[in-house]
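Labels for the chains are A, B, C and D, by order of writing; each one numbers its residues from 1.
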Amino acid sequence: MQRIGVFVCHCGSNIAGAVDVSKVAEMALMEPGVVHAEDYQYMCSEAGQAKIAAAILEKSLTGIVVCSCSPRMHEATFRKAAERAGLNPYMVEIANIREHCSWIHKDMEEATKKAVILMRAAVAKVNLNTPLQAGESRVTKRALVIGGGIAGIQTALDIADAGYEVDIVEKTPSIGGRMSQLDKTFPTLDCSACILTPKMVEAAAHDKIKIYTYSEVEKVSGFVGDFTVDIRKKARSVDMNKCTGCGVCQEKCPSKKAPSEFNRGLNTRSAIYTPFAQAIPNVPVIDREACIKFKTGKCGICSKVCQAGAIDYEQKDEIVTEKYGAIVVATGFDTIQLDKYDEYAYGQSKDVITSLELERVMNAAGPTHGHLERLSDGKAPKEIVFIQCVGSRCADDRGKPYCSKICCMYTAKHAMLIRDKYPDVNVTVFYIDVRTPGKNFDEFYRRAVEQYGVNYIKGQVGKVIPKPDGKLLVQGSDLLDNRQILKEADMVVLATAIEPNPDVRKIATMLTASIDTNNFLTEAHAKLRPVESPTAGIFLSGVCQGPKDIPETVAQAGAAAVKAIGLLAKDKLMTNPCTAQADVLLCNGCSTCENVCPYGAITYEDKEVNDHGIRETRRVAVVNNALCQGCGACTVACPSGAMDLQGFSNRQIIAEVDAICR
Amino acid sequence: MQELINRAKELLADGTVARVLGYKAGDLPYNPEPAYFESAEELKDFVYNGFCGANLSKYMIEASKLEGKTMVFLKPCDTYSFNQLLKEHRVDRDKAYIVGVGCKGKLDIEKVKKQGIKGIQSIKGADITDDAQILTIQTIYGEKTCSYGDAMLERCHVCKGKEHRIFDEQIGESKETKDAERFAEVERIEAMSPEEKFAYFRSELSKCIRCNACRNACPACSCRKCVFDSNKFDSSQKANVDSFEEKMFHIIRAFHVAGRCTDCGECSRVCPQGIPLHLFNRKFIKDIDELYGEYQAGADTDSTAPLTDYTFEDAEPSIVGKRG
Amino acid sequence: MGSEKKQAEMMKEISGVNPLKCMKCGKCSATCPSYNEMDIKPHQFVSYVINEDIESLVNSKSLWKCLSCFACVERCPRDVKPGKLIDAARQMVVRQKGQDYLLADEIPELLDPELPQQLLVSAFRRYRR
Amino acid sequence: MSLENKEFKPKIVAFCCNWCSYAGADLAGSSRLTYPADVKIIRVPCSCRVNPMFILRAFEKGADGVIMCGCHPGDCHYSTGNYYARRRMTLLFSMLDYIGVENGRTRVEWVSAAEGVKFSETMNSFVEKIYSLGENVRLGDLRCKS
C-alpha cells in the first residue's frame, strides 16, 4: 500500500477563488492510501515545496498528488521537489484543478466537486505508480538554424563562437533576410547593409558555420539531442565551386522580365540572378520559370559567357542528410496581403505602397536608385501620407489581431528621412496610437514631430481615392480637432501588418513544435522560457516567435543560441523513463507492435523464459529505451496486453477511468 | 480417407514427419476430434469426413514446439489461418508438413438436427470421396435423407475459395460451395434501427455462458494469456457478471482479432449456445474492406495489416454516424 | 440616471455592439459620407454610449443624417460598428413613439418611382428589425 | 431511490493527448473558455495510447459519453500515433453503432495546442449531445448506478 500525500494549491485566488481547497484536502483523506493532505497558498513557491518535502520526510510518503495548475506548467517543479526529499520523481502526479477546473467553472460547488474527482483520479493513479529511473541518450554536437536572416545569422554566429558546428538553411539564394532589404535602421539611422553585411561575411567565413542557401528543410526525425534532418538543396543550375561571382552571366542574360523578389516586385531582374549585390554566397541561381533555356531549350547564353564553366543546366535537387543536437527556428516574417483592404486603393494605384516597398524606393540599390519618386510617373511627390495600423490590431479576418510592433518606429523613421532629404515634401501620418517603448524610441518619434515637422494626426484613414489626374484623395479623421480631413496626396504609404513566414506552419509540423492561431511559434513559457519551443531541442529566434525589431531580434537570437549551446554542451541527456516495456511472459512475439512503432524501438529476441515452471525459448519483443519516446501505439496494438507503458500503464489509466466514473 | 492414411503411413515410415495431426472418431458419428498419431498402428483410429470442420492450424502452435515435423491436414480455409499464424511468428513453417485436403463443404450437425432428424446412429455420404449431394442418415426412427448443402456450415455457403494458400502437397477434390453473400447478414443488421440492433445483440449475447470455446478454437485468439485472464487491465473475468461484460468480452475479442481474423468461422461453429459470433468479426472485415481497401487476412504472409497501417486521407471516426 | 444606464444597455443589446472594443481610431468618421452633416460624429457615438448619454444621442441631428450605408461597419477594424449603434438609437426612438411600424404590404403603395434606390435600401435596413 | 427524480448529470470522460489536446484544454482554461464540469480529462501521451478497453471500461463504470482528442492528422507529436488511433476508433465506434449503442456517445475530435476555442466548443457540443441522449443504459453496468 502506498502512503500518499495530497497537496492542494490555492494559486492565490486562481484556484481558491472557485474551488473550496480545504474541502478538497479534507476529501482527499478519505481516499485509499492517503495519509496526509493539506492546502497552501502557492505550492510551487519555495515555502510550498518545503511543505511537500517536510511531509514526505515526516510521514514517510511513497507518493504525492499535487492539485494545482497544469502538469505542463509545474510537473517538473514538483518532481524535482519530491526528488530532493528523497522520493522518486515519478511518484508524483498532478491533478489539474486550475486550467481544467477553477478557471472555467465559476460555480463553487460544481468546481469543488470536479476538483475532488480530479484529485481522486490522480490518487487512484499514484496508488499504482512505480518508481522509474531516467535513462540516457547522446547529444550530437551540431546545431541547425532554419532561416538565414539577421536572427539566424546571429544565432549561428553565437553558437559557432562557442565552438559548436552550425548549419544554416536558407530558402532564398542568399542569406540576409528582411534586414538586407531595409535602407536605414531606427533609432540611430545607420544604414542597414553597413551593419548587416559584415555579419553575413563573418558567418560565411566562420569555419564552424556551413551555409545551405537556396535550400529547404525537407524532413525531420529524431528527438532532442539526436535529430536527423533531410535538407533539399534546390538545383541552382550553377556550380558553387566553379563560379567566381563575376556577374557577366546576369548582365548578358536576355530574359530580364522576372519580378525582383528583393525589390518587392517593383522592378525586374534577369533569369540568372543573385538577389542583391552583396549576396552571400555571391553565386547566382537560374530561375527555371523565367529562363529561356529551360522554357524553350534554346539560348544558353550564360553558359557561353561563363569563363569558369560554372553553368550546369543538368543540375538536380540534392538531398543532404545531417544529424543535429539542437534546431533553432528563425524563419522570420513577411507583410500581409492587402487584397482585402480595397479602401486603401493598394493595387489600384502604383502610388499607394507598403512601407517595405518604400524601403526599396529609398534605397540606393532600389528600383529608383534611392530617389523618392512616384512609381506611376516618376515625378517627385510633394505630399506624402502615411497610414498606420494597416491590418494590425484588426478584430476581423481581414487583418491580424496583434500589434505589429515595428510600424510606429519605421514610419517615424521614413517621415524623418523624407523630411530631412526633401524638406519641401509635406509628410502626414495618420495614427491610432503611437507606440514607442524602447531605448531612445520616444525621443526619436518626438524628433520627427518637433525637429522635422512631421504632421501626426490622431485618426484613421477611411478611404483613398485615386483621382483621374493621378493624385490620391485621402479621406481621414482628425479626432482631436473633431473634423473629417480630405487631403490630396502624391503618395500613400501603408504601414502593413507583418505575419510569420507562411512556410513556418510546414516547418513547425515537421518539428512537432506548436504554433498559435496567428502562426507564431509558441514558446515553452510566455514569460520564463520565451526562446524555447515546448518541444525539447527546438529553439526560437526572431519574428517567428512574435513581432520584434532588430535589436530585440538580435537579443533573442543570442538567447536562443545560449539555450542551444546549453544543450550541446551536455554529453548525455536524461531520457524520459515513461517508455514501453514488454512482459516476456505475456508476449506472443507476433510483431504487431513492431509494425506500429514510429521510432523502430522494438526488436525481437529469442529469450529463455520461465513461465510458471515451463522453461522454453520464446521470441519476445524488446524495447530500446533510448529510442522509445513513449507514445503508446504498441500498447494498444498488442492484443495480449504484454506491452505496457511506464507512467501511463493500462492499470493506471483504468484506475483513473474508474475514479472519474465512480 | 484411405488416401490420407496411406500417405500418413508413408511419411511416418520414411521419417519425414514425426507425427500426424488429424482427426479420430468421437463417441458419436458426427463429432470427430483432432488428434495426434505417431505410428501406423495409431492411424487405425484416423477418420476424415465432412464433420471434420475443426481448423487444425491453431494446433500447429504447440506442434511447432515439438521435436520433428508434424504432418497436418488443412482445408483451403485453414491455410489462411496457418498463413496468418506464420506471419505472426506463431508457427514454424519448417516444423509443418502441410497436406492440403480438398473440401466440398463441411457439415453442421445442428443444421441436420434442425430438420427434425433425431436419434442419429450413422451417417453416409459425408466422406471426402463421396459426391456430396445427399446425406443418408440412419436414425432410431429409421433412415432419413438430407441434402448435403442444407447441412453445411454457414461459413461454407460464403466460402473464400477452394485454393490452398500454403501446402506441401494436395490430396482430394474440392467443390465450390459458395451460394450466399458473405456480408448479407451484416448488412441486414446494419439496416436495423439502433433499438432493433440492441435488442438483437442483447438476445444473442445474453445466451453467452462464457465457456470460452470461441476463444479456444479461434486461431487468431492465440495469446499465451488472454487479457481477460490476466490482471493487466484489471479486467480478468471468469464469467459474465452482468450484461455489460458479455458485450465487453465479445467486442474486445473481435477488436483484438480485427485485421487478423481470416473469417474461418470456428467461433460460431464451436459455440455451444449457437451465438453467431462471426457476425462481429465479419462486421470488422466489412468495415476494413470498405474504409481501408479489400483485405483478406492470411491470404499472404507479408502484407501490412490494416490496423498497423494508415493513410493521411483515412476516414474520420465521425463517418460512423454519416454512413446511415 | 438609472434609466440612461438601462437605455445604454438596451442599445448594446439591440445593436449587438460592444463599444468597449473601440480603439478610437476614427476610421468610421474618416469613411462617413454624411460626416459634415452630423453634429455628433460616428466615432463619438461610441463614446456617448460608453458614457451612457443616450439622451443627447437620440436628440442629435446625426441620428437622422446617417445613410445606413454601413461603410463604417464594413471598415471598422475592431468590429465595433458605429452604424449599428446609430440604428439601435433610431430603433429606441421608434419604439418610444409607439411602435408605428409599417407592414411590409403597405410599403409598395407609399413608393414614389422617383425615389433614389439608396434611400429605399436604407429605409429597409432601418426598419427591417 | 428513483432515478427520475434526480437531475441528470452526465459522466463524461475525455482522453486528451499530452501534446496537442491537453495543451488545447489548458489554453481553453487560461482563456477562460467555459465548458460543463461534467467533462473530466484524462491525460495520455498520445491518442494512440487510448485502448478500446479504456473506453468500454468507462461505459461499464457508468460513463454517459467518452470523447477522445488528439493532434490533427499530420501533426502528431509522435508523427503517426493519431493515424493508428483514427483507424482503431473508427472501427470501435462502428462496432458500438452496430450493436445498437447510440452513436453520439463516442466522439473523436482533433484539437491542436492552439485551439482553446475549439476545445471548449467541442466539449460544449459533446455535453449537449449527451444531455440530449440522456443516461447511458445500453452499455453501463447498471449495478454501478444507484
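Note that contacts are C-beta pairs under 8 Å (C-beta built on N, C-alpha and C of every residue); 3 or more make two chains touch, one makes a residue touch a chain.
Since this is a predicted model, take the numbers as computed values, not measurements.
Across the assembly, the mean Cα position most removed from that of subunit B is the one of C.
For the pair subunit A and subunit B, the distance between C-alpha centroids works out to 56 Å. Subunit B and subunit C have CA centres that are 78 Å apart.
The mean-CA centres of subunit A and subunit C are about 44 angstrom from one another, to the nearest whole unit.
If each chain is reduced to the centroid of its CA atoms, subunit B and subunit D end up 36 Å from each other. Residues of subunit B in contact with two or more other chains: 227, 233, 235, 307-308. Shared interface positions of subunit D, defined as residues touching 2 or more other chains, are 51-53, 57, 74, 80, 84, 88.
Judged by the touch criterion defined above, the protein chains form a pattern that is neither an open path, a ring nor a star, and not fully connected either. If you check each pair of chains against the touch rule, the ones that pass are A-B, A-C, A-D, B-D. For subunit A in complex with subunit C, the touching residues are 343, 389, 393-396, 398-399, 432-433, 458-463, 475-479, 482, 484-485. Listed in rising order, the residues of subunit A touching subunit B in the complex are 583, 585-592, 595-596, 604, 611, 616, 619, 637, 639-642, 644, 650-651, 654-655. By the touch criterion stated above, subunit B contacts subunit A in their complex at residues 65, 87-90, 222-227, 230-235, 256-257, 304-305, 307-308.
Per the touch definition, subunit D reaches subunit A in the complex via residues 11, 13, 18-20, 22-23, 25-26, 28-30, 32-35, 37, 40-46, 48-54, 57-58, 61-63, 74-81, 84-85, 88, 112-115, 120, 144. Against subunit D, the residues of subunit B that register as touching in their complex are 189-190, 192, 194-202, 227, 233, 235, 242-245, 247-248, 251-252, 254-255, 258, 280, 283-284, 287-288, 291-292, 306-312, 314-321.
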